[in-house]
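Listed next: structures, encoded as structure tokens.
In the two complexes below, chain A is the common chain; its partner is chain B in one and chain C in the other.
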Partner chain A sequence: MSRLGTLSAADRPLVIAFGFILVILAVGTVYTLSTTGTMPLLTPKYLLLQLQTGSFLGICAAGLMAVILIGHIDLSIPWTLTAAAMIGTAVGGPGAVPAALAVGLCVGLINGLGVAVLRIPSMIFTLGLDTVLRGLMVAQTGGYAPQDAATPLMLTLAKSSILGFPAALFVWAAVSVAVAFLLSRTTFGRALYAIGTRERAAYLSGMRTTRVIIGAFVLSGLCAALAGALLAGYSAKAYQGMGNAFLLPAIAAVVLGGTNVLGGRGRYAGTLIGVVLIVLLNSVLSIMQMPEALRQIIYGSVIIGMLLIYGRGDRVTS
Partner chain B sequence: MIGRWLAGNRGFAVAIALFAVLFVTYNLMHTRGFSTAVLVQNANESVAIGFVAMAQTVPVLMGGLDLSVGAVMTLSACIASVMVNGTMGEIVFGAFVTLLAGTSFGFMNGLLVVYGRIQAIIATLATGAIAIGLALLIRPEPGGDVDGDLGWALTNTVWDFADTYGLAQGGEAAWLQPFINIPVPLILQFGIACLVWLPIKRTVTGMTIYAIGSAEGAAFVSGLPINRAKILAYTLSGFFASCGGLYLAIQTSSGNADMVQAGAYTLNSIAAVVLGGTALLGGSGGVIASLVGALILRVISFYFRILDIDPLLQPLIEGLVLLAAVSFGAGRTFSIRNRLELFR
Partner chain C sequence: MAAPIIALTGVSKSFAGIRALEGVDFAAFAGSTHAILGENGAGKSTLIKIIAGVLQPETGEMRLNGAPGRFAGPNAAADAGIICMFQELSLIPDLTVAQNISLSRPPRRFGLIDRRAQILRAEEVLARVRCEDVDPRTLVRDLSLSRRQMVEIAKALGRDPRVLILDEATSALTARDVQTVYDLLSRLKADGVSSLFISHRMHEVEELCDRLSVFRNGRHIETFAKGARSDAEIVRLMIGRDVTAKYPPKPAPVARPAVLQVGGLSWETALNGVSLTLGRGEILGIGGLDGQGQKELLLALFGVLRGVRATVAVNGKPGLPAAPVLAKARSLALVPEDRKTEGLMLSLSIAENMVAAAFDKVARGGIIDRTRVAALIDKGVEVLQIKAGSVDDAVSTLSGGNQQKVVLAKWLMTDPQIIMLNDPTRGIDIGTKQEIFRIMRQLAEEGRSILFYSSDYAELIGCADRVIVLYDGRVVRELTGMAITEEALVAASLNTGDAA
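This part shows the complex of A and B:
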């Protein structure tokens, strides 16, 4: 604890979360050693495979982080992802990925306008838009999985490998570099932190808070749409509810990485570690053939436990 | 008097008016409108969402949020589907255990938020996963065995209730006649809401819930019992959610640990709270108002049946209604004189 005490407050979550990743790997390896006598968890091939499936979550979390940093939340990720994948595959051809991204852009713009201009709490506005998107997609597809297949570009981005690394990892890395640069090196990024800390002060110091908030939601929409296009490539098609499994893990990843859920504090490296933690936790639990019930309990307990260690908020005293 | 009440409860008044218009129009359009059978059916379908909306309201009043209400409701329904059968004593005991489980779960949420100092959103998100996990352990497959008499008695009119249990001369007693056509679920819902919430609201701890929502810092320096109020809010939330779960199990005579359904209930509970006129930032609104909000949500879905709307368009219309409802209240944003008032 004395070592932890000397770390800066921003580094503590990163170190603890990283330590927990090692614990997960160790527990998983001990389990596989005792049952089959092998250590698949520690082979590069297995880890890369896990990271490849984790890249979709990672891209969603990257965009979501921008929204959480300003103290808002984007609950429309599931159907933004699904709608982008469905529209993308329906358009097909070379226009598929741009069409998917355009969906994300539109959703982000609407979310941003609702939150920044109409001042509707993001929790309810993004939720409403999520329902509308679901309605649009159900109306468009008739409630069935669409027949359109993923385009070659989607397949390449999601499934092929370059220099022995899955291509999806490169996409995630590119998104990560872009978001990390945005957050730490641009006025837009600094404005996100400022708004999340105190919107009133940010406005009074001349920041165009409305534009920044819209920008954050657009970033989140674009990331979700990109993840949708990739996921459609990975599964070779788009299907109903393909985004449902991404919202809660994405929020958990961002928060476990040390980002304050009320905004203003957090580092992108933390989100990366959070995503890896969630992905490895899931894969170790499935290696152990944990029934769904216990998985949910462990999942919830891990989040609570980690936050009790480092996610504790301040007491209100004035 | 009425003018003053209206000034302080505009959202609630709008919600009541909206519900009245929607419900009367629905009954006028329905071939068997204004009949007991329709009323009983409508009341039954509104109970679970009504309780979950009430559960969501209490934390929202203090600027918090409980994302585990749907999961706690599901967990309670699963417990009830195992426990609520047998002799009268066993049924009462089973119902008691069900409510106790949900209430303790809410109490645990409160402890995590107050003493664990974890943000409510993320804490309840995590405990919601735990609740679903427990529900799946109790009931891996949908099913259950809930006392049939109880199910019949609680999901029909007062007369059926008296008839089932041979009370008031099998429902024929003269003093009972004015009430025989009232659906039991309606009585249960409004009864619990009024008997539990209204007295609590008048206590210091209850008022502190509102005070925290208005200005937590001010509540703290005024010496109000903040920690007690927060724990109470989440405990009440768990209690109301387990009432919903218990009723759902009795109504369907089964339990189903359905994660998607639990999520849908949680989301709809937030929508109902907003429709009822409770501010998501806390400080104003009430449990009864959210009950009306939940009823509005349900009435909208009743329309789909009589209007012959393509089922494929239903989710779209539901979403648009929700968006329109929340945007409706945003008008003040444009009439505000000092933009600084928009920021908290």
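This part shows the complex of A and C:
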């Protein structure tokens, strides 16, 4: 029996994704060796830089994972992130980051109420709210120019380095520890898995399913908002559309990390691997000076191809 | 005797290293109704899945009408006339009855599905199972479980079977439907169809079948003609040991303080003023024909239904719980009707399922205490004797009986005072059924109260201290102690009035 066969079904995607990360690095290194004769991809500096840019995506994916685990989706991430950053910088001063998080909290609450209480499918509701947020942000900058410069705290969190490591990495690590603990060791986390597996049975077991669903969306909103505050620091300002590039990669990272897109199954370690995979794939493709069109094609094909390797979920056998 | 229509020789099959079938020889003949008996996990389901082309045997061969047969899949088997009705209902809830009946081969006209022909065909096969009351245009999800099962049977008949496999096909049927199925099977038998019948209800097997095969632990134990063995002998063959009493003894009737009082409970058209009192340490049976409001009554008491009108007192405190979480807080528990979709989260582990209702017992401030979880699960596995390899396995790997025990264990962990059971033994083997009855009595002796709905009168007679019979959403009769007899239950269920 192959080594893969002895792994539990839950670990399989993690191993495959990790293997693919090595493949990406190998392919990139072969390319750079053949063109310039150097191996920049394997230097700590390059890898840390990738992790730093990956931390924004990683924080978004951490929150999104909770929503995907209950079998829902949060498509409002791009403009939650943008709105949080824009309102945070507009408030400015020491209140900037709390204001950004408050935006995320509110968006999450609205999403959660819409899905859990009004029973509107999350795909529609969160997409609608995303559009509403975009309109609000356009309106906000329409009449006058609000302050959009990142505050010192945002700059520090996103750009400074501690002990040679980027500070953003520490924020991501803190979020990761918190989410991993939440998922595996708390009643909230276990309820997420139960609801994602079968909401009806969870409800009939006396779980507070409405609260848990709202909680998952709030977590996703908060994470997107935190990513927004950091990204504003990284770019030194908040701007319209800054979150647009995060939705598909965040979903892809969670799903490539082995979380069942229909809910109920997945491990946080997988999401971490998924984020690194996405970030490196993007980076290596750009180092290889792929034309943008080809890059998009490869990027999308890889996501589909990996999911094919994982298998198409449980087949009905018994 | 003629050559068998199906003959298996030396068939073995294993899953993940566990032998499900081992060297099985089996033959079924045309014009025969053949019962396959055995506890859950005996290999019955694997056997019929091999016959129906769902699984491939690892060793051994199958012959169909004397010729070697090996089906690539269920469709190939269906083309050869082997039609199977599996335990899990195979109907698609969001399609209409007519669409379900001709799902695999819809009638076509100009390449498109001919709706009118589809409905006509559905009406025809529904008439054959005497379900003219089912409109082919209704969605399957709007039908009761017993109606769905009849549609399932109609669907199988619509495919002109030569070998018909019924796996627990009668477990959710009403008495009237069971009779219809009996008539159907004898007609099919006269037409030379071979039926393989799996049921845990011995009286059905005796009434219907002419040959019986007993399986145990993946092996074929014995095949014999009906009447060659007594019930007790058959049960012994199935479980490999003697069975003493089928039901645990009931205590003498005593006055019991009420823990649950319900007055005038009404909900939509299903419940029309149900009143009942449940005493401490009492097993109160709920009887009546299927669909008289029994399930709704349990759901209403558990806070699942909206718009219920009633005066309710639980442990003297008035008020109906408004949601399952509140019912749980008031020491109520519900083992729901369908363990696969309501009772369990099938793909999660046994452990995960067992603590699903008892988070407040194992967590402080929302953080789970792993040692307490492990202790609680060990205790649950031990008390209920759940047979599992590891509690970290998915609960779907367990047999039906052990799955139901997990549902029960989940609720026992909440230390409930009032336990409501909705037909808890449906599709469960005899051995596990008896264990569940024993556990019920033990819980009652501990001072817990049980509200027990069963579609099987024998269970009510054997288990309940008192029985209320529902008819059209009302209690029409209450029977106590020795007055709980089959005659009284049947008469009250039909609401004939002469039993009063």
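One rule holds in what follows: the second predicted complex is superposed on the first by the 307 of 318 C-alpha atoms of A that agree within 3 Å, B and C clash if a C-alpha of one lies under 4 Å from a C-alpha of the other, contacts with A are read in each partner's own complex, and residues count from 1 in each chain.
Everything that follows uses one rule, which is that contacts are C-beta pairs under 8 Å (C-beta built on N, C-alpha and C of every residue); 3 or more make two chains touch, one makes a residue touch a chain.
Keep in mind it's a predicted model, so treat the numbers as computed, not measured.
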Clash or fit (per the criteria above) of chain B with chain C on chain A: clash
Partner chain(s) touched by A:163 [first = chain B, second = chain C, both, neither]: neither
Partner chain in contact with A:248 - chain B first, chain C second, else both or neither: first
First, second, both or neither for A:265, with chain B first and chain C second: second
First (chain B), second (chain C), both or neither touched by A:129: first
Chain B versus chain C as contact partner of A:203, first or second or both or neither: both
Chain B versus chain C, judged by how many residues of chain A each one touches: B
Colliding stretch - chain B into chain C, listed as 55-63, 163-171, 217-225 or 289-297: 217-225
Intersection of chain A interface sets (partners chain B, chain C): 200, 203-204, 314, 318
In the complex, chain A residues that touch chain B: 73, 114, 117-121, 123-125, 127-136, 138-139, 142-143, 199-200, 203-204, 244, 248, 251-252, 255, 260-262, 291-301, 303-304, 307-308, 311-318
Sites on chain B touched by chain A in the complex: 65, 112, 116-119, 121-123, 125-130, 132-137, 140, 216-217, 220-221, 226, 257, 259-260, 267, 270-271, 274, 280-281, 310, 312-320, 322-323, 326-327, 329-330, 333, 339-340, 342-344
List of chain A residues in touch with chain C within their complex: 185-188, 190-191, 193-194, 197-198, 200-208, 264-265, 314, 318
Complex contact set, residues of chain C against chain A: 45, 302, 304, 324-325, 327-329, 334, 336, 341-348, 352, 355-357, 359, 363, 366-368, 370, 396, 410, 414
